[in-house]
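Each chain carries a letter (A, B, C and D) given by its place in the written order, and its residues are counted from 1.
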Amino acid sequence: MAVRVAVAGASGYAGGEVLRLLLAHPGVRIGALTANSNAGQRLGAVQPHLLPLAGRVLEATTADVLAGHDVVFLALPHGQSAAVAAELGEGTLVVDCGADFRLRDAGEWERFYGSAHAGTWPYGLPELPGGREALKGVRRIAVPGCYPTAVSLALAPAYGAGLAEPEAVVVAASGTSGAGKAAKPHLLGSEVMGSMSPYGVGGGHRHTPEMIQNLSAAAGERVTVSFTPTLAPMSRGILATCSAKARPGVTAEGLRSAYEKAYADEPFVHLLPEGQWPATAAVYGSNAALLQVALDEAAGRIVVVSAIDNLTKGTAGGAVQSMNIALGLPEELGLAVTGVAP
Amino acid sequence: MAVRVAVAGASGYAGGEVLRLLLAHPGVRIGALTANSNAGQRLGAVQPHLLPLAGRVLEATTADVLAGHDVVFLALPHGQSAAVAAELGEGTLVVDCGADFRLRDAGEWERFYGSAHAGTWPYGLPELPGGREALKGVRRIAVPGCYPTAVSLALAPAYGAGLAEPEAVVVAASGTSGAGKAAKPHLLGSEVMGSMSPYGVGGGHRHTPEMIQNLSAAAGERVTVSFTPTLAPMSRGILATCSAKARPGVTAEGLRSAYEKAYADEPFVHLLPEGQWPATAAVYGSNAALLQVALDEAAGRIVVVSAIDNLTKGTAGGAVQSMNIALGLPEELGLAVTGVAP
Amino acid sequence: MAVRVAVAGASGYAGGEVLRLLLAHPGVRIGALTANSNAGQRLGAVQPHLLPLAGRVLEATTADVLAGHDVVFLALPHGQSAAVAAELGEGTLVVDCGADFRLRDAGEWERFYGSAHAGTWPYGLPELPGGREALKGVRRIAVPGCYPTAVSLALAPAYGAGLAEPEAVVVAASGTSGAGKAAKPHLLGSEVMGSMSPYGVGGGHRHTPEMIQNLSAAAGERVTVSFTPTLAPMSRGILATCSAKARPGVTAEGLRSAYEKAYADEPFVHLLPEGQWPATAAVYGSNAALLQVALDEAAGRIVVVSAIDNLTKGTAGGAVQSMNIALGLPEELGLAVTGVAP
Amino acid sequence: MAVRVAVAGASGYAGGEVLRLLLAHPGVRIGALTANSNAGQRLGAVQPHLLPLAGRVLEATTADVLAGHDVVFLALPHGQSAAVAAELGEGTLVVDCGADFRLRDAGEWERFYGSAHAGTWPYGLPELPGGREALKGVRRIAVPGCYPTAVSLALAPAYGAGLAEPEAVVVAASGTSGAGKAAKPHLLGSEVMGSMSPYGVGGGHRHTPEMIQNLSAAAGERVTVSFTPTLAPMSRGILATCSAKARPGVTAEGLRSAYEKAYADEPFVHLLPEGQWPATAAVYGSNAALLQVALDEAAGRIVVVSAIDNLTKGTAGGAVQSMNIALGLPEELGLAVTGVAP
C-alpha cells in the first residue's frame, strides 16, 4: 500500500526536487502540495518540469491541508518548520529539508541564526558512523545541509580513522539553486553566468557549525573548519575541496584504504578509481556522491574532493533516502545513481 | 523475461543516453557495450555519470559481440550502420540512432550525404499520423534526427489540418551535445559559453530533407523548409521556432484546437496552457515535447515553438519509445516526462 | 575641452555600459551619476566592474543634479524619460536609451505601451539610409532598441535594394542582460542556465513596431515582421536570424553585392567573408555588428544573420556613436570593434 | 614613435589576448603574426573578435619573420620559447607568455616539466616586492602563470608582513580558456557547461613550484602550498581562495592594514571595501586584480580571495604591463581596469 506524502513548500527548488524524486518512487502517492505566495497557482506554472503534476493546484501551508498524510516533507524558509511540525501528529513522519533541527548545540544555533533553537531531530545522513541505525523507525528527520553533506562525506573517514589533524580547510563551489528561488539581483543569470564569487567568507556561513558537529563526532575531538563557499555559474552541483594536515605516518595507501573501507557497502557514496576525479556533471540529478582522495606529500596534506548534486543527495535525495530508512523501505527505492550528462 | 540489449557506440553522447534510459527501464537487461577508439576502456572512464555500469569494459564493435541480443541500438557515425545491421539476424530488433535509414528519397540522401543510400527503415516518430502503427512488430527502426523530431511535432498538426501554407521557416537552437563528442575547436567550452552562432545556413543542414519529408507527408503536398540551426551555450535541449503563413480563415481557436486534437492522447507531447511558453530546461533529461502555438494576426503567420531534449526525445528516448512499440511493451515503459530542473 | 556627461540610471545594465564606454572615451568627462532605489550607494557596490568610478556616489535622478552637463544619457524605465528631458535645456544633448521617443506613429506606441506617446526624436541608427545625416547637430536622440538594431542592420539592405518580399520572419536570441537588472524569478541564473525559451511570441514584443518602422522605410512599402525573441543562457549578445522570400530573379551574387555596397564604408557593420557565420562571442563588448547572408534557393528565401552585443552596439555603443555624430566628434571615438573573446 | 611588436602564437588564446590589448595600446604598431598549424590562414578565421586585424595572414613562426621588431611576444607551447628566443637579438624585448623561464630552480623545472631547464628570466609580476625595479630596461621577461599571479598577489602581503604560517592552502577555479585552444574531449562545451571538476590534485599542477617560489621569497622562508585547481563553467576568470594559519597575535585590523599598505599605490591591484567580495565578472577583460581578506577567528586562519581575468592580468595584460615597464612607457598604458560586465 502506497505511503501518502505531502510536500510543504512545493514551489521552491527543494520542494520541486522532492517531487521530482517522489514521481519516480514506486512506494508513494503524492498528496497535498502547499506553498506560500504561490498558493492558488497550478504547479505547472511554477514547476513546468514536473509535467505529471502540472494540473495540481498549490494550497496554502496549513495543518489542515497537511493532515492525513503518512509523510510530510517540509521545504520551508528556516524558522518556519517547528510551528508546522508541532501541529502534525507524532505518527506522521516529518522530514524537514530546512536547517531548524540540524544542530545539537543551541548556542551555535543562536549564534548563526539569531533566533531561539527549535530542537534537534535525528540527522539524515545515513553514511555517517551510526547514522543509518539512528534513522530506523523515527518520525522526525532533519535533512542535512547541502554543503555539510558534501563535506562530511569527504572528511569523516579521514577523521574516523585518525588520519587527519583537527583543522579542516574547505572551499566548495555550489550551483545557484543552492541559494533558492527568491529573486535577488546577485542571483540573476546576467550576474552569475561567466562569474565565480565567494560569499560568507571567514567563518560566517551557517553550514559551518553543522560541518564542525559532524566532523568532530567522527574525530572524537573538536575539529575546526575554515569554510569558503563560492557561487559557480551552473544551476546544480557542489564540488567540495577539503583538506587537512596528515597525521604523522599517513600513507597514500592507508588513506585510500580508509575510504574504501568506509564506503565499500554504501549504495550512494563512490570512491572513484585512482586517477579519476569527480565532476559535478556526473551526479546531475542523481543521489550519488563521488569522492577521490590524495595525499599531497610535499604539502603534508590529505586532500579529498567530493561531488554531489546539491538538490538531490544534498537535499531531496538525502531526504527520500532517510524516509526510506525510517519507513523500513529499501534504502535505494526511487533513487537513481545515474546522472544526467552531458 | 527481460529483453537483452546491446549498444554499439556506447562511448558517445547518443549511446550514453540510450544507456542512461535503459538503466531505468524495467524490461531490459543491458548486454554488450561497444565502441571504436574507446574499446578496451572501462565505461566509467568515458561516461562517469553511468555509475551502475562503471565497471563494464567497452568491446570493439563487431557482429560477434553484438550477436545474441534481442535488441541492438546503433549509435554510430553516419554511414556505418548498414554494414553492422547486415550481420545481425532478421529476428534482432535493430534501432539505428544515426541518419542512414531515415530518408525515403535516395536522391536526397545522396545530395546531402554524398554517399550511396543504404535504404529506408520504419521511422521512429510514433506521434506522426500513422507513425505508431508503422512500428508495431518491426525489426528495424530509423530513429529521427533531433531537429526533425522537434520540427515535425511542431508543424505536422498545422499541415495535417490544412492551416498553413507549404513554406515553413524554422530557426532552432540546440545544445552542444547535438554536435557529438568528437573534439573540435569550435565546440570547446571556451568558444561556446557566452555565445550563440548559426551553422548550415541557407538550406545546407542534413536534417532539412527529413523535415521536408515529414511535413510534406502531413500536408499531402510538397512543403519547403527554410531551416537555420544555431548552437546555444547549453549542453542539452532544442528550442525550435517554426512558422508558416496562415491559410485564409485560420483563427487562433481553430489553430489551438488542431493541436489539442492531434496530441490529446499522446503521452509525450504536451500542448502547454495558453500563455505559457516552453523552455528547454523543463524537458531536461525527459522524453516530453512541450509545444505552444500562436497566430500572429498582424504578420499573418502561425508560430509554433517546441522544446525537447535533443538527446532524450530527440534521440535515445525516441529510440526506446519506438523499441517499446516494436516489442509490444507499454510505450511509456522506462521513459520519464519529468525534467531535471532547475 | 572635454564634454561633460551625466548618466541617469547609472546602476542598471544600460547605464553601466554607457559608463564603461565613456571611461574609454577620450573626449568626455564623467559628471553626475544618478539612480532611483540605489541613490546614496557607492557605484562600486552596484557596478563593481567600473573600478575607476568605484568611489562615486549615486545621486537621486533630479533636474538639478543633471543640470550643467553638455550631454545627459537617460537609461531609465520606459515612460520616465520625457519628464526628465523636459527639464533639461535645449542646448543639452539628451540621449535616451529607453523606448519613449523611438516610434513615429503615436497609435503604435499606445497599442504596444499602453500610455500616451511622448513624441519622436531623431533616431540613433546612423547606418540606416539617411541615418547619419539626421543626427548631425541634434540635441535629442532616441537610441534604437537592441533587437531593432540587429534586425534593421540585417534586413534594410535587402529591402533597400528591392530584393525581398515585404514579409519578414525574425527569430532572435538574446542574452539575459537585455531583460534588465530587476530581480525576477524567471531571470534567475538557476532558471536561465542550460535553457532556451521564447517570450512575446505572436507579435506581442514591443520592439516589433520599431522594426516595422525601419524596414518599411527601407523598402518604401509596408513590411510585416513576424518576430520571436528568445532568451539564451548568456549575459550578452543578440543573434538575429532574419529571412524573407526572395523577389524573382534574385541571385546569391546580387544579394551579397547589395550588402557589400550598403556597408562598404561603415566602420561598425561588417559583412563576413563567405563561409563564415557570425557568433555573438566575437562582438562581446564591442560596437561591431557582424553579418552574413545566404540565398536558400530550395526554400526561395533570403537569410541574413546578424550578431551584436545587445548592451554595446545594441544600446550604449549605439548611443555613444550617435552622440559623437551629434557633437561633431569622430564617429568612432571611444568605440572598439575588438570583442572580448574567448 | 611607435614600438613595433610581433606575436608568435597569434592563433591561440594567449596570443589572441595579447593582440586584443595591443589593439588598444597607443604606443605600439602590430607587426608580424605567426602560428604553427594555422599558418597561412586569415586571422579573422581563427580570431573573429579581432576585427581590425581580420585580414592579416598568419605566417609560420620563424626567426626571419620575427626579426626586425622591437618587441616579440611568445605565446607558444611550453618548451618552444628558448629556441625562438635564441635567434632574436639581445636588443629585442622578448616577452614569454609560456612557462619556460619562470622558475629559478632547475630541479623543480625538471621535476614538473620533465625536460631540461632553459633558464630564468626577469619575472613579470611588478607588484611583488622589488618586482617593478627588476623589470626596468630588461630585454627578456618571463610572464607569470595565471594561477601564480592570482595566488601570489593574494598571499604575498601576508607573508611579507609575517602574519601567516608557511603552509598555504589554495583552491582556485579557472575558466576554460586557461586550458588553451587545443581540442580535447574534456574541454568540450558539452562537458564543461554545468559542471565543476578538479584536476592536478595533490600537488601535481605545474604552477605549484612557481607559487612556492614567490611566496617563499615574500616570507623569507620556505612556504609549502597545497594547491587544487578546478575547472569552472566559464570562459575566463580565476577565483583563488587562499588561506594559511594566522600567526599568534594577528588581528583583522592588522591583516587589512598589511594589504592596504602593500597595494595602496598599485594601479591594478585593488583591495575591496570591507564586506564586498571579488567576483570574476568584475574583471572580465580587465587588468585589475580584486582582493578581499578575512580573519577567520574560529578556525585561526587568514583567508584571502583574489579574482583576476586569467587571460588579461593572468597572462597578456601582465605581459603588456611588464613590457611597458621594460620599455620605460607609462605602466598603465593601454591597460584598462574596467571590466566587461554583466
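What we mean here is this: a contact is a pair of C-beta atoms (placed from the backbone, for glycine too) under 8 Å apart; a residue touches a chain by one contact, two chains touch by 3 or more.
Predicted, not measured: the structure shown is a model, and the values here were computed from it.
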Interchain contact steps from chain C to chain D (minimum; 1 if touching): 1
C-alpha-based rotation, chain B on chain C, 0 to 180 degrees, nearest 5: 180
Most distant chain from chain C by Cα centroid: A
Selected interface, B-D versus A-D, where C-beta contact pairs are more numerous: A-D
Classification of the chain A:chain B interface as same or different, half of numbers criterion: same
Rounded Å distance, chain A centre to chain D centre (Cα mean): 37
Intercentroid distance (Cα basis), chain D paired with chain B, Å: 44
Per-residue multi-chain contacts in chain D, two or more chains: 13, 175, 177, 181, 188, 190-191, 193-194, 233-236, 278-279, 281-282, 284, 341-342
Chain A contact footprint on chain D (complex, rising order): 167, 169, 171, 173, 175, 188, 190-191, 193-199, 201-203, 208, 224-228, 230, 232-237, 239, 241, 243, 245, 277-282, 284, 292, 294-301, 303, 305, 307, 341-342
Chain A-touching residues of chain B, taken from the complex the two chains share: 13, 16, 20, 23-24, 42, 44-45, 47-52, 54, 177, 181, 193-194, 235-236, 270, 272-273, 276, 278-279, 281-286, 288, 290, 336-342
Chain D-facing residues of chain B, complex: 13, 175-177, 179, 181, 183-185, 187-194, 233-235
